[in-house]
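Here chain A shows up in two complexes: once beside chain B, once beside chain C.
Let's turn to the complex of A and B:
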């Protein structure tokens, strides 16, 4: 889950409003796809690397992001080479790597909650469609919070089953996991209610109406 | 003040609380009893998470049935399982959640979050992912999140089951210093020695209601 990979920091990139970073990401993506030039891809790639190093995020971080993507990069570049030529393969690979690194830079320097708040503000135009941005943003937060829990519940159930002699079985694992998830969903709903959550109020705040 | 009038609670056919009438005016009230005796059900009635099958629950004169929202604002609740009450992915965000719901000004939220982090020794974990906390740290976070809201009454459902001795004492001290009214469910009898009143439940009935000394003695004899 890329969104949760925030690295605490105090540099300029951390202080930029998340909305601006998201806009820059969208603009860069559009530009790179609209203008397929090797020079542009190369310059962007170098510039993004420079942003990392300038922000104190070293080669180790960059490598950590690129390494899991190497296979995909190789496949995409290989296909391009086979279809066209080596230069366009290089262009495509640099472009993809630059975008990937820039997107990661945004998530590395933006707290999930700030990103969500920015999205919430950006979603205000959905209100006439009866979509409440506050609810959307709470849902996103909950997803970020509980996706890792899903993993640990599955691991716990497996462990308990193995301890009692049951080896791998998808159904035998899925059933107790789902039961626990349903119970958990119930409890979470209670906890949110008990802490005074009221989406009606959130809405008026997120659209910038003044509070009394 | 918390008042129950002829409260009975059932899940389907099963009666879990029978005909309770009570006025809780003391600052620290504890509820003890065996597993399944109805303690958690009792607690959930107090902030309107659950409405009684019959009878009335009044918090400072507000009926949980008709004034649910106002009641929840007055009654904070710390649940038995800390995992399911931490709703934000990062420690300080979770602390801020309840405060935002109270619509406090931003500075006030920041100040209260800082104070809560310091008080429960969570400052170093402020940007820590919630799912990586230990069980006890989660419990502290859940407690801190509710205390920071400063509700008039706080209900604790076994808040110290996962805590080590130091954190247990830390929570006990925090509770002792709270200006608010506390209703605490606990199996940890040590924690209740300096409470004002202890109620013993058994199969949904009150079987003792006294000062901690005699009530705990009664309970220990009964469980022996």
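Let's turn to the complex of A and C:
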């Protein structure tokens, strides 16, 4: 199961810290939505395309991202044209396309694991709010592990229900899957605790949090 | 937060992701595809309550944001979250929290009319309250046009509510420990 849109590479964009890329995305989004000018939208669009080509990501990659969005872009631009004029339609379409392409560029050049590591470091700032980064990272890695496990449990249950002629029933599939997952969650929680996992230790001293 | 709570949060984030794998049903009458994924926040809130449900969907949002293709149809990444339907995904953690809060207030036993009311108000109402203005802002449409464009999904949402109620009731019977606040 492919779990990331990451494309391997060694260019400058790949080496930039994920935090910087996320900040750039947030800044660009705010700027484009706050300053609705055709010139700005057009320049940004061309600049983002140039970033793709400059990083060695060719037109095929760009087209692969734009193609599924063409219908939405056409609807958005058409509505603008009908409501206002062709120029504002062009502005809105270019702005949306530029933002989506830039956001995809961040995803394409950053491994999901690096992005999660960056998030864990950033979560340090949430400590005063009593968010424990170790617990968040446990939840993140558990969720990543659960997704394929869930897929195989669902496949098993569907097979069992097919034998009963129930494979098309959402309820007959979902209920056994969820019950098995809840039982599994109990076992996993017990197993984690049996191995002495205690992320609360450090934080409980600094924030006074008590654990059961 | 106990280890069990952390595991439950991860579990319902993963469950929401798995619901995106169900093939979308197309309603012949309206021609709108409905996906099973928006049942994720309803199930999370109704089964494990406000805190765990809300955090599970927040975790799901983060996983999509970092580029995992977990949204229905294998979509993911910041691009989709900033796109037209991003507001609905953003609304899910709040919806899961609100649904969980309401279920907890009723000690996870609100009765059928109560369950329908909770899921319609928070599972549909709250989600559209955030999703529709988001469409209007991203796509440059008026609020009214965005609302009319989204209204075709409501019959599908009502079907999902019925399915969620059936699932949560059966799961609760099969796994009574859930209702005891574990």
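Here is the rule we use: the second predicted complex is superposed on the first by the 144 of 212 C-alpha atoms of A that agree within 3 Å, B and C clash if a C-alpha of one lies under 4 Å from a C-alpha of the other, contacts with A are read in each partner's own complex, and residues count from 1 in each chain.
The criterion applied here is as follows: a residue touches a chain if its C-beta (ideal position, glycine included) is under 8 Å from a C-beta of that chain, and two chains touch if they have at least 3 such contacts.
Small disclaimer: the values here were computed from a predicted structure and weren't measured.
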Partner chain in contact with A:171 - chain B first, chain C second, else both or neither: second
Superposed model, chain A: greater residue contact from chain B or chain C: C
Which superposed partner A:188 touches (first chain B, second chain C, both, neither): both
Chain B versus chain C as contact partner of A:112, first or second or both or neither: both
Touching partner for A:152 - first (chain B), second (chain C), both, neither: first
Which superposed partner A:8 touches (first chain B, second chain C, both, neither): first
Partner chain in contact with A:197 - chain B first, chain C second, else both or neither: both
Which superposed partner A:92 touches (first chain B, second chain C, both, neither): second
Contacts of A:144 with chain B and chain C, given as first, second, both or neither: both
Set of chain A residues, in rising order, touched by both chain B and chain C: 4, 6, 112, 138, 142, 144, 149, 184, 188, 192-193, 197, 211
Chain B partner contacts - residues on chain A that touch it in the complex: 4, 6, 8, 111-113, 138, 141-142, 144-145, 148-149, 152, 184, 187-188, 190-198, 201, 205, 211
In the complex, chain B residues that touch chain A: 47, 49, 69, 72-73, 76-77, 79, 81, 83-90, 93, 97-98, 101-103, 127, 129-131, 145-146, 149
Of chain A, residues touching chain C in the complex: 2-6, 25, 29, 33, 65, 69, 72, 75-76, 79-80, 83, 88, 92, 96, 99-101, 103-104, 106-107, 110, 112, 115-116, 119, 132, 135, 138-140, 142-144, 146-147, 149-151, 154, 170-171, 174-175, 178-179, 181-186, 188-189, 192-193, 197, 200, 211-212
Touch list for chain C against partner chain A, complex: 1-4, 6-11, 13-15, 17-18, 21-22, 36, 43, 47, 55, 59-60, 62-63, 66-70, 76-79, 81-84, 137-142, 145, 163, 166-167, 170-171, 174-175, 177-178
